[in-house]
Each structure stands twice: as structure tokens, then as C-alpha cells.
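Two complexes follow with subunit A in common, the first pairing it with subunit B and the second with subunit C.
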Partner chain A sequence: MKKLLHSIWHHLSIVFFNFKLTVQSQMEYPSFLVGWLLANPLQFGFGILGIFIIVSNFGSIGDWGFQEITFLYGISVVSHGLTVVLFIQTWNIEYSVRYGEFDRYMLRPLGVFFQMITSYINLIGLTDMIPGLVILIYGCVGVGFEPTPLNLFKLLITILGAVLIRGAIYLLSGSVAFFTKSSGALIEVDSKLFDAVSMYPVSIYPKGVQILFTYLFPIAFISFYSAREFLGKTDGLPMFGNAYLITLLVGALVFFLAYLFFQWGLSRYESSGS
Partner chain B sequence: MAVSIEAKNLTKEFIVTKKEPGLKGAFKNLIHSEKSVFRAVNKINFSIEEGQVVGYIGPNGAGKSTTIKMMSGILQPTSGDVTIRGGSPFQDRKKVVRNLGVVFGQRTQLYWDLRLGESFELLRRIYEIDDATYQRNLGILNDILNIQEIIDTPVRQLSLGQRMRGDLAAAILHSPPVIFLDEPTIGLDVDVKYCVRQFIKDINDQYHTTIILTTHDLGDIEELCRRIIIINHGEIVHDCSLETLMNEFAPNRRLIVDLYQAPQEPIELRNARVISQEGARICLEYNKKETSTGDVVEAIAANHSIQDISIEESNIEDVIRTIYAKDSESA
Partner chain C sequence: MKVYWYIMRSRILMTMAYRFQVISTVLCQIVILFASVFFWKAAYGLEAVQSDTTLDQMIHYTVLSNLLAVLYTTFVEQNINQNVRQGNVAVDFIKPINIMGSYFAADIGMMIGSLLFRFIPMYLISGLVFGFTLPVSFPALMLFIVSTFLGFVILWCICGIFGLFSFWVIQLGPIGGAKDYIIRFLSGSFVPIWFFPEGIQQVFNFLPFVHIYQTPISIYIGKITVLESLFPIGIQLFWAAVMVLCLTQFQKVAFRKVVVQGG
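Coming up: the complex of A and B.
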């Protein structure tokens, strides 16, 4: 028990220090940060504008109105932002494999996965959070979301689960690089899929796609199932009671599987050059 | 003496895909590509005692770095074993690397955008170095490597020599009993090279640290290593002291004698072979174990008056080149 506490404290102290270092190192290039601060809100601003144009031309998507979709999209963008803050290193696995960057982690007496993830906490992800929160709050107000402690807790758990799902799928895709030396294209596909599936209600897609994104690649859990429960909607899809808990559970499960895959890949790591 | 590092039939194979050149080749590779097994390290055996400084040398691509990477837990051996102080660096990585300091001359382990001191602070937390030890080690490192001078500079602004000093310091902050240095003097000027060699000597003297050093600079070997292991094509071809190697491959010494007058007839000696004779300058060769230089000089002085002499020791570089070449022929 004492040993476990010590180990937790040891890891936490490294997380804190790494965070401090990363902040300092990102401050070395402030113009970079400012660039993203302009670009990311624009990107999501246009996303929401796109939804608005579609809905105002067709009245609704499925039976979802503009404000309901805003609520759904808000959950999606906030979870995207947090994923980019915490797990951006999964995007770099390809680079790390090709240039032998895992060497330095393997030389240290700590888990490689832990070191990889915590060595870069990406502040730039926060620039995604700003438009994300604006969209989510606007959506919450629009659909009459009651900010009771229970509801806020449910929302938080949903977002946590969504972050795990996104992180897991990025980790899984990134780890393919251990076998193929390349995974950049997969990461791109993931991002596009996340956008497409978590921005619109999954109920508008054909049955096969719904099943695929519920049971195989559980992207539908990122925002759809929880949002739909909050909004009290019924459609042909299965009702998961307490969708927020299911979202967290699914997130934990896929993340664990992705972690195992990463470890398997790492055992085949070949370093590079001399 | 306790054994520090032991390799038994250590082998590493890589699968290499043969790529055909050009666009046509690229398409062909998509459908079918020839795979072959390349054995970078082939059943090597060695045992290194605590406190030894061993030079691990060989031509480019001989398998040096692959061996180092297997010993430091980065690469999994295809077969065979290596143990560091009894532990397997791959199966028991975290435990083994705690006792290990590794420097790759070609690649820094430091945080690119931060002050050198901040990389040290991170390492201090990773290895849980207590305050007293940390301050003491920093003090010692400062004496040898003059760390204070560069500790506040961002790593990306350090010169190669400064960076290497930083990397060396970072590798031993946690006082590891075993150190691997993969080409620590590559690209360094004479001053820094001297400093690095001094560093290696000092920590070996003071802490009885086991050190494996790969290098192409034979000056490093001459000055630091009592034992050398030569690897070529993934196999160990020699494992002995530098002296033994030199005696075996360069048993002869050369003596150049300048006489006051060019001799009328060719000189012949019982104890040395004449290599050339041009005017008053004579070049002789003899086995340095069997014949003393004094005897040779005496034999000449008996019939001629000597103006000047100089002795040429056989060059370690020539010896190593002979070994590499000989080994490539037989391969």
C-alpha cells in the first residue's frame, strides 16, 4: 500500500513537472499559440455555420432541430479539445517509430506509455476548448438543459468517456506504425470520422453504419447516445439506460484494448540507425 | 570480481525488405516484395567485470549500436541473452535501466527547447535522486565538465561540444554503476575530446563504474580501454587487451638511422632487417620482443658513426585497419 502510494506520488510529480516544462517550452514560440488561437475557433465557427445553413434550408436533420444539434456538436467539440490536450502524442507515434524516439523513453525506469503521453501536454488544445464551450453552452441554453448538479455530473462523465473513446482510437491507429512504419493517414481518417459521426445524430445514417459505429468503432458514444438521452429522443436505435455511464464504460474498455495493442507494437519496436 | 555484464549467444535479426528501384519497382513491391533476414549480431559472447572500461569497436554497420541497444533494453534479442548485474534489460527493463547511464553521441537525450538545468531537474524526479546526492553529483560534474557555464542555456543553443557535456552529465546524475557510451567523441574538437576522456577516467576511478565505449577514435581506445572487443559482420573477432592485439598484429618496430657518411656497401645486420637504404639514411625493422633497440644501435655503431636515430612505433590505426580488412576478405 505504501509502495503504491509512493508510486502514484512519483508519477504525479513527473506529470506536474512535465506539464511545467511543456508550458515553458510552448511559451518559447508564442506566435504559434496565437496562430492556433485564431485558426481553431474559425474552424468550429464554420462547422456550426454549416449546420445552421443545412437546418435552416431543410427545417431539421432527422428530427433534430438546430439547437439540439448544437448541443450534440458542443459535446463533440469539447471532448475533441480535451483529447487534443491530453493525447496528442498518439498522433506522433508514427514519427517516433521512424526516428527512433522511443529509445529515450525506454532508457528511463518508467512506463513508456506513461512517459510518451505525459511528455507533451498540449496547451494548443485549449484553443479548441474555447469555441467548444461556447457552442456547448449555447446548445445547453437552446435545448433548456437544466444545470442541476446531477445533470452537470452526467455531462462531465459523458465528456470523459468521449475523450477516452477518441484517445483510444487515435492510440490504436497510431500504434499501427509499429508494424507498418506509417499511420498518419489513419489518424486523418479518424479525425474525419469523428467529425462526421459526432456532429450529426447517428440516427440519420443507414442501419449498417449505425451498427458499425455503435459496436465496432463506438464513435456514436462520443456524443450521440448521451445527448439523445438528455433530450429524451427515441428512434430505432437501442436505448442504453444511463447512457453517460455506458459511454464511460465503453471508453475505458476501448482504451484498455488500445493500450494492449500499443504494448504489443512496442515489443516489436526496432529503433533506427546507429 | 563480480560480473557486471554478460552476453550469451546474443543474436539480433532484422527482416529486410528488398525494394526494387523506380516507379515500376514501387508497384511491384506493393504486390510482392522479397524479404530476407539480416543478422546484425550473431551469437556473441562476452563477460565484463565490474569496473572495467571496455572499448567496443568495429567498422560502420558491424553491429555495435545494435548490441548497445539490446544491452539497454531498447531492442529485444532474437535469441540468446544478455544480463546487466543479473537482470534482463528487456524483460526487467525498469529495474535494469535504473542502474544504467546511456549516451548516444548522435542523438541527444535532452529537452530541446529548455534550459539544460531543467532536463536535469526532470531526471532528478524520474530517478528520485535525493537532494544531497543531486547537489553532490552536480558539484562533481561541474568540476569535470564545467556544467555551471551552460546550465542556463537552452539546449538548442548549445554547441555540439557543450551538448555532449550536457548529455554526459545527464547520463550519470543518478550515479549508475554501468554506463554505455555510443560514440561519445564524434565530431568533437580536441579540447572537448580531452574533457570527455578525462570524465570517463574520473568516474571510473572514483566510482568503479563499468563502462562500455564504442568509438571510431582510436585515441579514445588507447587512452581509456585496457580491453577491447572488436566486432565485424555481427561477430566478435577479437577480445583482448590493446597490448596483446598490438603484439600479435604489429610485433615489429622501425628504427631510422642517419649516418654521417653514406656507407659504401649495403648494410647487413644479424638482429634486424634492412628495409631501405638511401644515402646516409637507413631504415630497419625488428621484432620488439626479441630484439632490444640498444642492440641494434650498437651493431650499427660498431662499423659506422651515427648522427641521429628515431624510432617508429607501429600505428594502432594501421593495426585496426589490417584487422577490419582481413576480416572482410574472409567473410
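Coming up: the complex of A and C.
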């Protein structure tokens, strides 16, 4: 027991130390921070403004009104921001493989995965979360979301599950670099897919696409199923049980699978040779 | 002239070399294209909606907008920024050619490369799924090509002017992204300006941005007739000239500011 506590404390202190280092290094380039603070809100602001203009011309998108889409969009952007804060290192696996960065991790007496993920906590991701939270809160007010402790808990679980799903898919794609030396292209396609599937209701796509992104490649869980349940809607594929719990479960499962894939890839790692 | 021709050709060859990159950008753009088409289908819904634009027109609009996006990839901003940061501008200044001209030739080369290896495959894929997007008439196609080129010149100059700021700030960083989002929104690349409120439309129609995406696409899909298109093309010409003038003037100011890093 004492050993376990000590181990947890040890890991936490490393996270804290790394966090301090990353914050300091990110503060070295304040103009970048300002740049992101401008660029990211613009991206999502224009995204939602575009949807607003279309909905005000057509009344709705499928069965979804503007407020409802805002709610969905908000969950999507907040979970995107949090993923960027926590799991940005999965985008860099490719470089770590090519430049032999894993050599260093492997020499240290600590899990490679833990070191990799915690060595860069990306504060820039917060610049995604600011517009995300604004949009989500606006959506919550718009759809009459009651902020009871239970509802907030459900929303939190949903976002946690969404972050795990996004993180897992990035980890899976990043780990492909162990075999091919390159994964940047995959990561880019992932992020486009995430946007397409989680910012709009999945029910606008043909049934085959919905099945693909629900059962095979479960990114429809990022926002759609939970949002649908909160809003009491019934379009799209039928689902049993509580959507927010399923979201978390799916997230944990795919993350575990992605982690196994990462470990398998790591066992094939052959350093950079120079 | 031969020099620029050579630069252009080398860029076309370069696009062929990065095959993996080509596949990934085509895939990304296809994802966006499919998502936006289904989004419009859902907006139009099953019943007939009161709108001046038919669903078919809107689908072709979206397909074309995504196709244009792959043609409109400019590297001028990136090139200037990189050369300033690494001190390569010193070498550029020694070369007996117009620097901006060489960047333009390079980007035209990239555009031709993209036309062959990105535009055409995407056109075929989206055509097989959503039906081929054909121009309404032969004159419309000709005007579309002219209009697309003018749109490219406007966009390229904006990016060039933006890139020249590197001479002051050295590192542009994510601000470039902010500029892209603004252009994308104001140009009607996702939501055509005609869906905007009346007053805003009139303002936007006189800004240069609409003439990057919306004008060429509207001509192609027959949203405006060949005769009607002469006026927007005139405005395009005007903006292209203004932008080229701004760029050349600003370039003179920027080049006086030059700081060569390293050595």
C-alpha cells in the first residue's frame, strides 16, 4: 500500500515538473499564444456562424434546429480542445520514431507511454476550449439544459468518453509510424473525420456511414449519441442503455486497444540508427 | 522568362514526388466534401424548400468549392517566412530575377501539379458518387477558367502581402491560420454569400473575397448567366489589379527592412 502511494506520488511529481517545463517553454513564444487565441476562436466561430446562416434559411438540418446543433458542436469542440491539451504527443510519435526519441524514454526507469504523454501538456489546446465552452454554454441555454448535478455529471462523463475516443484514435494512427515511419497523413484525415462526424448530427449521413462510424470506427460516440439522448431525439441508429455511459465505455475500450497497439509497435521500434 | 518556366516545371515534378502527401490531402478534402454535401442534403430536407438555389446546384457548388480549394494552395507566405527566418533572403536578393515572380511561378507550378494529381482524381470520385459537375455551357467554362485565375491572383496577393510581414515579425506563426479562416468565410466557400442577409451581401459583393470562390463557381454552375458574369469579372479584374499594385508597393517597403539572420 505504501509502495503504491509512493509510486502514485512519484508519477504525479513528474507530471507536475513536466507541466512546469512545458508552460515555461510555451511562454517563450507569447506571440504564438496570441496567434492561437485569435485563430482558433475564429475557426469555430465561423463554423457555427455558417451553420446559423444555413439554418436561418432552411429552418433546420435534418431534424436538428440551430440550438440543438450548437449543443452538439459545443461538446465536439470542448472534447477536441481537451484532447489537444492531453494527447498532442500522439501526433509526434512519427518524429520520435524517425529521430530515435524513444531511445531516451526507454533508458529511463518509467513507463514509455506515461513519459511520452506527460512530457508535453499542451496549453495551446486551451485556446480551442475557450470558444468550445462559449458555444457549449450557449447551446445548453438554448436547448434548456437543466444544470442539475446529475446532468452536469452526465455531460462530464460524455466529454471524458469523447476525449478518450479521440485520444485513442490519434494514438492508434500515431502508432502506425512504428511500422511505416510516417503517420502525419493519417492524423490529418482523422481530425477531418472527427469534425465531419462530431460537429454535425451523424443522422444526416447514409445508414452505411452511420453504422461504420458507430460500430466499426466509433467516432459517432464523440458527441452524437449523448447529445441526442440529452435532447430526447430519436433520429439515427437505435441505441440501448444510457448513451453517456456507453460513450465512456467505448472510450475506455478503444483507448485500451490503442494502448496495446502502441505497446506492440514499441516492441518493433528499431531506433534511428545514427 | 525561361527561369520562371523552369521554376514552374520543377514544382510540377515536385508534386509528383510526394505521393503519400497527395493521397492524404485528397482524402482529407474528400471527407470535407462528402460531409458538406450531406449537410446540404439534410438542410434541403425531403420537402421542397423555398430557395433560389436548387439542391443540385448547391451540391455542385460544394463539390466545386472543394475542388477549387486544392487548386488554391499557395506557398508564397510560407516561402517568404521561411526565407526570412533562415536568412535565405540574402541569397534571393543576389539572384537576377524578381523574387515575387519566382514565388508566383512556383505556386503556378504547384497549381498545375494539383490539377493533375488532386483535382482530377477528386473530380472523378465525387462525380461517380454525386453525379458529374458539368459547366452549363462552353462560354461559361471559358469564363470560369478566367475567373478562377483572377481569383487565384487575388488570393495569392493577399497571402503574399501577409507573408511580407515576416520582414518585421520574423515568425508569422498561427496568425496565418486566422487569415485563412477569414478568407474562407467571406469568400462563400462553404456558405454562399446569397444566403446571408441582404445588407451584408451588398457589402461582401464589393470586397475582394467573394471573387476568390463564389464568382467562378457561380459562373460554372449557371447561378449567374454568361452576360451577368461580366460585371463580377470586371470587379475581379479591378481587385486583382489593386492587389498586385499593393503587393509590389508593399514589397518595396518590406525589402528595405530586410534583416539577414545568421551567417
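The rule is simple: the second predicted complex is superposed on the first by the 272 of 274 C-alpha atoms of A that agree within 3 Å, B and C clash if a C-alpha of one lies under 4 Å from a C-alpha of the other, contacts with A are read in each partner's own complex, and residues count from 1 in each chain.
Please note the rule applied: a residue touches a chain if its C-beta (ideal position, glycine included) is under 8 Å from a C-beta of that chain, and two chains touch if they have at least 3 such contacts.
Just so it is clear, the model here is predicted, and its values are computed rather than measured.
> With both complexes superposed on chain A, which partner does A:60 reach: first (subunit B), second (subunit C), both or neither?
Second partner only, subunit C.
> Answer with first, second, both or neither: which of subunit B and subunit C does A:153 touch in the superposed model?
Neither partner.
> For A:9, using the defined touch cut-off, is the partner it touches subunit B, subunit C, both, or neither? Pick first, second, both or neither.
In the superposition, A:9 contacts neither subunit B nor subunit C.
> More residues of subunit A are touched by which chain, subunit B or subunit C?
C
> Touch test for A:185: subunit B only (first), subunit C only (second), both, or neither?
Touch partner of A:185: subunit C, not subunit B.
> Could you please specify the touching residues of subunit C with respect to subunit A in the complex?
Touching subunit A: residues 20-21, 23-24, 27-28, 31-32, 34-35, 38-39, 41-45, 49, 51, 169, 171, 173-175, 177-178, 181-182, 184-185, 190-191, 195-196 of subunit C.
> Of all residues in subunit A, which touch subunit B in the complex?
Answer in residue numbers: 10, 13-14, 17-18, 21, 24-25, 28, 100, 102-104, 106-111, 267, 269-271, 273-274.
> Enumerate the contact residues on subunit B facing subunit A in the complex.
14, 60, 64-65, 69, 72-76, 93-95, 97-98, 100, 102, 104, 106-107, 109, 111-114, 118, 121-122, 125-128, 154, 182-183
> So in the complex, the part of subunit A that touches subunit C is made up of which residues?
Touch list, subunit A to subunit C: 29, 31-32, 35-36, 38-39, 42-43, 46, 49-50, 53-55, 57-62, 182, 184-186, 188-189, 192-193, 195-197, 200-201, 204-206.
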